[in-house]
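Structures are listed in the sections that come next.
Next come two complexes built around subunit A: one with subunit B, the other with subunit C.
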Partner chain A sequence: MAKQYKTLGEDIWKNKVEKINAELFTLTYGSIVAQLVKDYEDFTEVNKQLEKMGYNIGTRLIEDFLARSGVGRCQDFRETAEMVSKVGFKMFLNITPAVTNISADGREFSLVLDENPLAECVELPDQALVDELWYSNILCGVLRGSLEMVQMQVDAFFVTDTLRGDDMTEIRVKLVRYLEEEVPAGED
Partner chain B sequence: MASSQAPVKLVNESAVEFLTTEMVEAMIRTIKDDALRLNTDRDSSLGNPNDGAGGPKDYSEGDEAMEAVYYKLEMIGFRVGERLIEKISKDRLRFADNLDVVKFVCKEVWMFLFKKQVDNLKTNHRGVYVLQDNGFRWFTRMAHDQSSAESVKKVTPYLWFPCGILRGILSNLGIASVVVAETSSLPACTFQIKIAKTA
Partner chain C sequence: MNATHSSSSSGGSGIGSGPLGYGNTPTCYFVMIGTKDNPIYEAEFPAVNTARSSSGGATIPEAKKEEFRHLNQFIAHSALDMVEDIQWSTNQMYLKAIDKFNERFISAYLTAGNIKLLLLHDAKSEDAIRNFFNDCYELYIKTLLNPFYEPNSIISSAAFDTKVRLSAKRYL
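Take a look at the complex of A and B:
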């Protein structure tokens, strides 16, 4: 199953995606983080703002994802993990984080990123290290927003980040609950 | 000095578009948060700070607020431009004059950012350059009514970031400038660069 998603992700990246130099992306993100740090000063608040940005992006990005991948509903959360890492991340960022540490009940998994276009050539200032800035927190928001649109409420958060001197960059994703599909009031 | 041929890293172009679009929204949010913070210092019964429309004055359309948003987006662009030029023009020889620099912007920089060149360049040979792009790439995704005044007003904030990029690029090349952009008929837009006169 993982293999077929890997092939799908590679095919989409190769044939269905307009690509651009990652520098623009990296520099823009870095500049946005710098501006948020200036505006909020408190790194916890910056983390929150980045997550919020990501959430908004996620709610829109999911349509792009579904349209280009043509995939149907995942059977379970494990499948979701594979889909996210091999198709989702591949399609947008050209990286495939490893899925690890799946919990026994299958409701939690980790994504380990060995590459991160958001953080290329980035160095955190000392204060950001002391005060727990999760530089790439926008990714957690994207995960939360996009999965919510396909009826999964999740918590996504950074556990470690090589930018902070940790050995690896790991995002933990926990399924809170499946959401009921709601028919908007007034629609047939 | 040989330049190393490291493979160029790529991302999906829509990742950039999602990011820059949300960036505009985020900066508007920071202004609202600022307003609420200033007000709550004086009166703490002013509603939930998470409610974007709270407070005694709705800053969503105030000129003062949008000026602050302009400043932030332009600065974000400025920082990007400053660093971008180092990456794009690593192997370039020195530029002969300002016109040479602007031509470089119209070709290489535009190619890097928008995968096309500027369609038309005009100058009065006295420091003003007008760059016309008939199909501004970052507009093509946005739903719009070609020339409705409302559409034009809506997309204007999305031009502030690229203005900053251009100003940052010129600044790092030692050129002080003012860059403004306008659009009257989407998806076309023009960027006007005014280069300060040197003694």
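Take a look at the complex of A and C:
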């Protein structure tokens, strides 16, 4: 099952996706974070803003993802995890984070990124290490936004980050609940 | 004072000590100077590649070392004028040895962003210094890619410092 996602992801990356220069991407994201840090001066606030930006991106990105990949509904949250890591991340960032630490009830998993294109050549200032700045927090927002559009409310947050001196970069994704389709107000 | 210095540095670049009692400290002084003549990074590398120099380093008292540091800065900054003259005559980034002070040479490397890398050293092979400068230039470029680094500001990263010292150990 995982194999077919992997090949699907690679196939889409090779054929159906337009590519941009990686350095340009890294520098653009870097200047966004640097500017946010300068403007807000409070790293918790910067984290929140990055997550909000990610959320807005995620709600739109899911359409792109479904259109290009043409996959159907996932059977359970485990499949969602595989789909996100092997197809989603591969398609947009050309990385395949490993899915680890799936909880017993299958409602939580971790994504371990061994390379992070957003954070090439980045060194956090000392103050950012003291207060918690999660440099790539936009990814958490993207996960939350895109999964919400497919009826899953999740909590995504960073556990460790190599930029902060930890061994690896890990995002924890927790399923809060499945969202029911709501009838729009005014209709019977 | 002079006698101590000349006996300890048996090899190196000559026995002479300058008019200020400035003996042969076998250290190289490396400084990176920004566009407004502001130093953005400086480091000293004791020359550890020869056995004779290790004894030389031990006999210099700490107070004298401070003086050498000030003198090094002074020498390097006075060489800046030479850099600005020579930079128009060549299209190379590596300007080789541009100035001399007593027995010490000053080599310079000018980056495209008008950052000057200066090295105070005793007689050394040009190639070694060229390689060292190239290494430092690449490390500087990586620093520039860091979004949190203000161009022309002081480089305080410990990682940068470690890598520069490693490169110095290899080439100098």
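To be clear about the criterion, the second predicted complex is superposed on the first by the 183 of 188 C-alpha atoms of A that agree within 3 Å, B and C clash if a C-alpha of one lies under 4 Å from a C-alpha of the other, contacts with A are read in each partner's own complex, and residues count from 1 in each chain.
Criterion: a contact is a pair of C-beta atoms (placed from the backbone, for glycine too) under 8 Å apart; a residue touches a chain by one contact, two chains touch by 3 or more.
Note that the coordinates shown come from a computational prediction; the quantities given were computed from them, not determined experimentally.
Participant: Give one word, clash or fit, describing how subunit B and subunit C relate on subunit A after superposing.
Facilitator: On the shared subunit A, the partners fit.
Participant: Is A:27 in contact with subunit B, with subunit C, with both, or with neither (first, second, both, neither)?
Facilitator: both
Participant: Would you sort A:67 into first (subunit B), second (subunit C), both or neither based on which partner it touches?
Facilitator: Once the two structures are laid over each other on A, A:67 reaches no partner at all.
Participant: Contacts for A:94 in the overlay, against subunit B (first) and subunit C (second): which applies, first, second, both or neither?
Facilitator: first
Participant: If you count the residues of subunit A that each partner touches, which comes out higher, subunit B or subunit C?
Facilitator: B
Participant: Using C-alpha centres in the superposed arrangement, which angle lies between subunit B and subunit C as seen from subunit A, in steps of 10 degrees?
Facilitator: 60
Participant: What is the contact status of A:57 with respect to subunit B (first) and subunit C (second): first, second, both, or neither?
Facilitator: A:57: touches subunit B, not subunit C.
Participant: I'd like to know which partner A:49 touches here: subunit B for first, subunit C for second, both or neither.
Facilitator: first
Participant: Per the contact definition in the header, classify A:39: touching subunit B only (first), subunit C only (second), both, or neither.
Facilitator: first
Participant: After the superposition on A, what does A:122 contact: first (subunit B), second (subunit C), both or neither?
Facilitator: A:122 contacts subunit C only, not subunit B.
Participant: Taking the superposition as given, does A:104 touch the first partner, subunit B, the second, subunit C, both, or neither?
Facilitator: Neither partner.
Participant: Report the closest approach of subunit B and subunit C over their C-alpha atoms in the superposed model, as a whole number of Å.
Facilitator: 6
Participant: Following superposition on chain A, which residues of subunit A contact subunit B and also contact subunit C?
Facilitator: Overlap of subunit B and subunit C footprints on subunit A: residues 23, 27, 30-31, 34, 120.
Participant: Within the complex, which stretch of subunit A touches subunit B?
Facilitator: Contact set of subunit A toward subunit B: 13, 17-25, 27-32, 34-36, 39-40, 49, 52-53, 56-57, 60-61, 64, 91-94, 117, 120.
Participant: Provide the residue numbers of subunit A that touch subunit C in the complex, in ascending order.
Facilitator: Going by the criterion above, the answer is residues 23, 26-27, 30-31, 33-34, 37, 120-125, 128.
Participant: Hey, which residues of subunit B end up touching subunit A in the complex?
Facilitator: 8-16, 18-20, 22-23, 25-27, 29-30, 33-34, 72, 75-77, 79-80, 83-84, 87, 112-113, 115
Participant: Per the contact definition, I'd like the list of subunit C residues that touch subunit A in the complex.
Facilitator: These residues of subunit C touch subunit A: 142, 145-149, 157, 159.
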